[in-house]
Amino acid sequence: MVGGGQGAFIGAVHRMAARLDESFELVAGALSSTPERSRASGAALGLERVYGTWEEMLAGESALPPERRIHAVSIVTPNHMHHPVALAFVRAGFAVVCDKPMTVTTLQARELEAAVAASGVVFAVTYNYTGYPLVKEARRLVADGVLGDLRKVVLEYHQGWLATRLEADGNKQAAWRADPAAAGLGGAVADIGSHAENLAATVTGLRVTELCGDLTPLVPGRQLDDDCNLLLRFEGGVKGVLVASQVAVGAENDLRITVSGSRGTLRWRQEEPNRLELALLEAPLQVYTRAGGPYLGSAAVAAARIPSGHPEGFIEAFANVYRNAARDIRLRAGEALLEGEPAPDYPGVSAGARGVAFVEAAVRSQALGSVWTEVG
Amino acid sequence: MVGGGQGAFIGAVHRMAARLDESFELVAGALSSTPERSRASGAALGLERVYGTWEEMLAGESALPPERRIHAVSIVTPNHMHHPVALAFVRAGFAVVCDKPMTVTTLQARELEAAVAASGVVFAVTYNYTGYPLVKEARRLVADGVLGDLRKVVLEYHQGWLATRLEADGNKQAAWRADPAAAGLGGAVADIGSHAENLAATVTGLRVTELCGDLTPLVPGRQLDDDCNLLLRFEGGVKGVLVASQVAVGAENDLRITVSGSRGTLRWRQEEPNRLELALLEAPLQVYTRAGGPYLGSAAVAAARIPSGHPEGFIEAFANVYRNAARDIRLRAGEALLEGEPAPDYPGVSAGARGVAFVEAAVRSQALGSVWTEVG
Amino acid sequence: MVGGGQGAFIGAVHRMAARLDESFELVAGALSSTPERSRASGAALGLERVYGTWEEMLAGESALPPERRIHAVSIVTPNHMHHPVALAFVRAGFAVVCDKPMTVTTLQARELEAAVAASGVVFAVTYNYTGYPLVKEARRLVADGVLGDLRKVVLEYHQGWLATRLEADGNKQAAWRADPAAAGLGGAVADIGSHAENLAATVTGLRVTELCGDLTPLVPGRQLDDDCNLLLRFEGGVKGVLVASQVAVGAENDLRITVSGSRGTLRWRQEEPNRLELALLEAPLQVYTRAGGPYLGSAAVAAARIPSGHPEGFIEAFANVYRNAARDIRLRAGEALLEGEPAPDYPGVSAGARGVAFVEAAVRSQALGSVWTEVG
Amino acid sequence: MVGGGQGAFIGAVHRMAARLDESFELVAGALSSTPERSRASGAALGLERVYGTWEEMLAGESALPPERRIHAVSIVTPNHMHHPVALAFVRAGFAVVCDKPMTVTTLQARELEAAVAASGVVFAVTYNYTGYPLVKEARRLVADGVLGDLRKVVLEYHQGWLATRLEADGNKQAAWRADPAAAGLGGAVADIGSHAENLAATVTGLRVTELCGDLTPLVPGRQLDDDCNLLLRFEGGVKGVLVASQVAVGAENDLRITVSGSRGTLRWRQEEPNRLELALLEAPLQVYTRAGGPYLGSAAVAAARIPSGHPEGFIEAFANVYRNAARDIRLRAGEALLEGEPAPDYPGVSAGARGVAFVEAAVRSQALGSVWTEVG
């Protein structure tokens, strides 16, 4: 693991997610931006091999015989470090699990995409929300044509934790997110908007081709947008909207998607992840549950661990990314799929690149006066 | 009543709303666009005075001695008829209750506004959703500064009844709404978007100054937009969005508003009108109910008829417009407010004009290529 | 109307309910227990014929020629007055709309039942909750066998308004309900438990044959039960429970029913009356809405006034009792059902008597030490 | 681990729960009732030490030097095996994590309680629902007197998975639960009713002193109750009800608790575990969330891993039992509590015994004709 030392939030989540299904065992890490803190964090976690920097870690692991090396590296640093670390590990032939947004610029994303193609390693981006079983079910319903011709996608992502100027109060999570040098030029649009974009792309299979964004830092003194609203146009004439904020007091992590087509509408909400609503023409609303019955597709079933009614949550969805990446590593190492086993199912480097292009287009739209902008 | 004959929907709602609190008794009408159907509809309702056309009605009522005339006329025709009928009755000194959008063009709205000012009559626009007690409470909470400085307004209005091309199947409601000659140039944006604008203006007291709209007829063969998404800018730097559709299969009449400020967020949803959510910084979410307790403001209390937990709905909210207009007619006729009685509280001609300007700006934004457009 | 004068709650509800659909026009009344207050209340309402007492009203109306008499009397007094007033009016040949519980004792109920049978008048009991369209739909689903063989009925009725000793603070509604001389020997079990019993009987068509009750006045100083929990056995081996309270702080009017059978389960909740949940074996949960589509039965459709998504509430459900009773009066007077019109549908004197027997059995169970007791 | 081999459900849950926080590493097991299947299951899980029977495991582990032995044994067999296995391991000085109901009879429970007292080992019962952070918060609110004097407890537990006769179709989970020899004499009352009892005791601190139960096998051909409804009396005159079923079609794992007192009411539902409703007299309803703010007590905060809005579920709650038991083992081994660290918090042998007594009283009540019965 690179990043995720003491004081970090997402590092611990990655560790629980990797452990839940015994997908990976954490053995080595360079956990902080300074060697001292890296070592302290590594010791606190009882790692076998603690490194001072990610460069040392890359060198150290590369020097080990293949059977003793790490099988994959998790990159959980602030955004600006994703690219150099990921690129280096990919080029050295290590599988990578990288946090989102994958890189800060499209140029970096393309470089990384090319490197992954060249090296053939497994590369997963932790768009963790698409790890939920019912998001996989939503994807299936759309793919099976249950909604008819798609018409509209409404994305919402409401948070409130940045409603005050936390970054000025020493909050480490807020501080790097509010700093363009660490976060890139997108604030909320990168931190949460990119999740929404991935959710839409996963469920509908469609790319955003054009957008018009209104990005604003609503909290006085903040540099990057903490609120963003975008009109979206998808491939095939599908219309859309993204409404996102990190200053909606009281909202916690309220990511939602609604997809409408000529025959039906789907609704899913991250804070109630174990239910999926399906409305069809002239029929009562139907509520799918996570493990609710024979009507569910195999991808949703495979992504659930316990019976419906026993809530699975954020960590379990996150763990699905790890579990699928781990499975893919074994398959590429020569194992075969079991009878009836679905193919590994996780967001890869292309999904990561698409997200970066989305954020970049939104930032450009805003910079040019909130105008319609193509997504590269 | 003008309009609202057999086959109409909203006429019957107006009649129930007028009757519920004995605000008005229906005695005269020109209920349809042809004299024969007007007379048949009037006879079916047992009206005292049935007219063949609204012009006959105006002439007939004007000819009666004042104490025998109608006290007010309800205009519940398709949109294009609101202006001529309202203008004529206002100029003749009759109070008017007019459906929304008040007129088809801003020019008409201004003319009507001037006529109302000149004649001094009571003029109510049935933006019925702002008649709900908890919308009045939301307005109070904002006005009292409970949310702090306002930052963002999210408006949603999801319907699905036009997901198929009903207007081609003889559905009377759909037919005139899909016809620019009767509905004006706005489809969904006028039919439901105008309600959302009024809701925002009522709750926040703010006008939309600028907007950028993406209006689309998503159902093949339809002329007017059945889906509209708008980026909004309100006075004072407040940002906003309106997401509306009439083709979201399964959605019924799902109007929602969320208002965020520096200290709190309000959420209200028309389909669950008896609850209002209030989130304040560092406090548990609070749920206000319609008649729930001593914390409620007087306007909400005055607008409720029965104890909380006994649901009041659409007709009751609609009736509040009638009740307040009726009260205002009596006050203007010389009655005095009772001890502790709140002043009459209903959307007037200015609110109507503001709605028309909003629709017109949205249509213009779309016509010019979905660009930012000032609201006149 | 008998009862329902100034200070009363339910009288005003009855009046709105009678008026909403123009079922009845209120023309005469003896509205309070003293002639002075009766006259003051009647004058305030602008009644044509104001009487000092119900006896005077009965005499006065009987003395009028039939075509000028009232068509029906609404009895909205405290419980102990229902029986004498209803009996006298029934015997005089007037139709009656009577509040619940219909009488205080089973003996009275039987006498009234016999009188109604003898006179042939329309007699409606305002078990208003069964007037909701989706309760009628629930009844249809059970009757059509959609749930399979019934197994269990769970009834809940949570209120909190009596959590403090309001009756000692001059609250008129609380005072008579807490007084055995006016309310009878059942407190919560009569006031709200009887509604729950009627809801179960309406939806399932089953009678409670045996019960074991734990009835308690939980607020110190109160005489009658304000909390009651009952184990129920219905005809045919169906098991059940009633959990009711008037001291559950924060609960408003939270009446719920769940019916399970071998193939499915129905759930309905009064505070969200416009949705009905239907769970069938191995299928996603379905949510029916009030006017939601072609799947609804004719009784539900007939009981709704406006499209789904436009909430109908308590007053509308109440009005359905009046509307159906009014229709039945006309039918018995010789009008014929229209093509496709459903037969009038309202709780009658037998439903009223069944409710009284239920309350009486619950009180007896408690008195004998909370033992199993047959329902007479 | 004893039990939990291939085909079992709860064994895998225990393993994930133990692993999530690295509370325990699974190293040894006797996973099935036959040595062959035990060995196959152990091999599949890659255990270090696989035993054919629990007796072999006890002997084997006891023979190891203390520092190489297991630190605790998880007992996840059908109910009838809990007692002999737990007793033997406790007497041998091993810490135990035991599934519920702890034993089949009160006699066994007392014997186990005495053994635990004698040996001084850590003994945890996986009443996992009380591991949820907001259940701990509910307990705190009651203990702090926020609800005033307690008056009533409503417990509900609705499941539907046994609505058909699964035990006749080869379903392993259903088969042993339907078999008195393996499950004991309580069906639903033991399998889910015992969870509800523990939830009530945890939140309120009160014991059930007396109950009257109506227990029924509603599915034809079933021996043990699959539906149970109980009137409850708690210490101090608090009234209660338990409504539970395993045949409510469509219900998944719908455990609920409502506690009312003189000043407020609490409501919590397992399927939405991240919210807790608190209603206080004359105030709006408040909704607490899992990690929602400074108003939360320390026990709830300590039991949450990630920010509110990121749902934690069943596995996380389960893991809290393991985490606390593991912590207690270390404390008893001589570690000290950290500054500000709350004491370990998990259901112990007394809670387990109380649950057994509850089930036994319910079964006795039924056997004697559904009469009031003291809880031993």
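All chains are identified by letter, namely A, B, C and D, in their written order; residue positions are counted from 1 within each chain.
Quick note on the criterion: a contact is a pair of C-beta atoms (placed from the backbone, for glycine too) under 8 Å apart; a residue touches a chain by one contact, two chains touch by 3 or more.
Since the structure is predicted, the reported quantities are computational estimates derived from the model, not experimental observations.
Participant: Identify the chains adjacent to both chain A and chain C in the sense defined at the top.
Facilitator: Under the touch definition, chain A and chain C have B, D as mutual neighbours.
Participant: Looking only at C-beta pairs in contact, point me to the busier pair out of B-D and B-C.
Facilitator: Higher C-beta contact count between the two pairs: B-C.
Participant: Quick check: how many Å separate the C-alpha centres of chain A and chain B?
Facilitator: That pair's centroid distance is 42 Å.
Participant: Round to the nearest whole Å and give the separation of the Cα centres of chain B and chain C.
Facilitator: From the centre of chain B to the centre of chain C is 35 Å.
Participant: What is the distance in Å between the mean C-alpha positions of chain B and chain D?
Facilitator: 54
Participant: For chain A, what residues touch not just one other chain but two or more?
Facilitator: 251, 285, 289, 292
Participant: Spell out the residues on chain D that touch chain B in their complex, using ranges where they run on.
Facilitator: Per the stated touch rule, the residues are 278, 282-289, 292-295.
Participant: Over in the complex, which chain C residues touch chain D? Could you list them?
Facilitator: Within the complex, chain C touches chain D at residues 147, 151-152, 154, 158, 160, 163-164, 212, 214, 216, 218-219, 227, 229, 231, 233, 239-241, 243, 245, 247-251, 258, 260-265, 277, 279-281, 285, 369-372.
Participant: Mind listing the chain B positions that touch chain C in their complex?
Facilitator: 9, 12-13, 16, 19-22, 159, 161, 251-254, 270-274, 289, 292, 305-316
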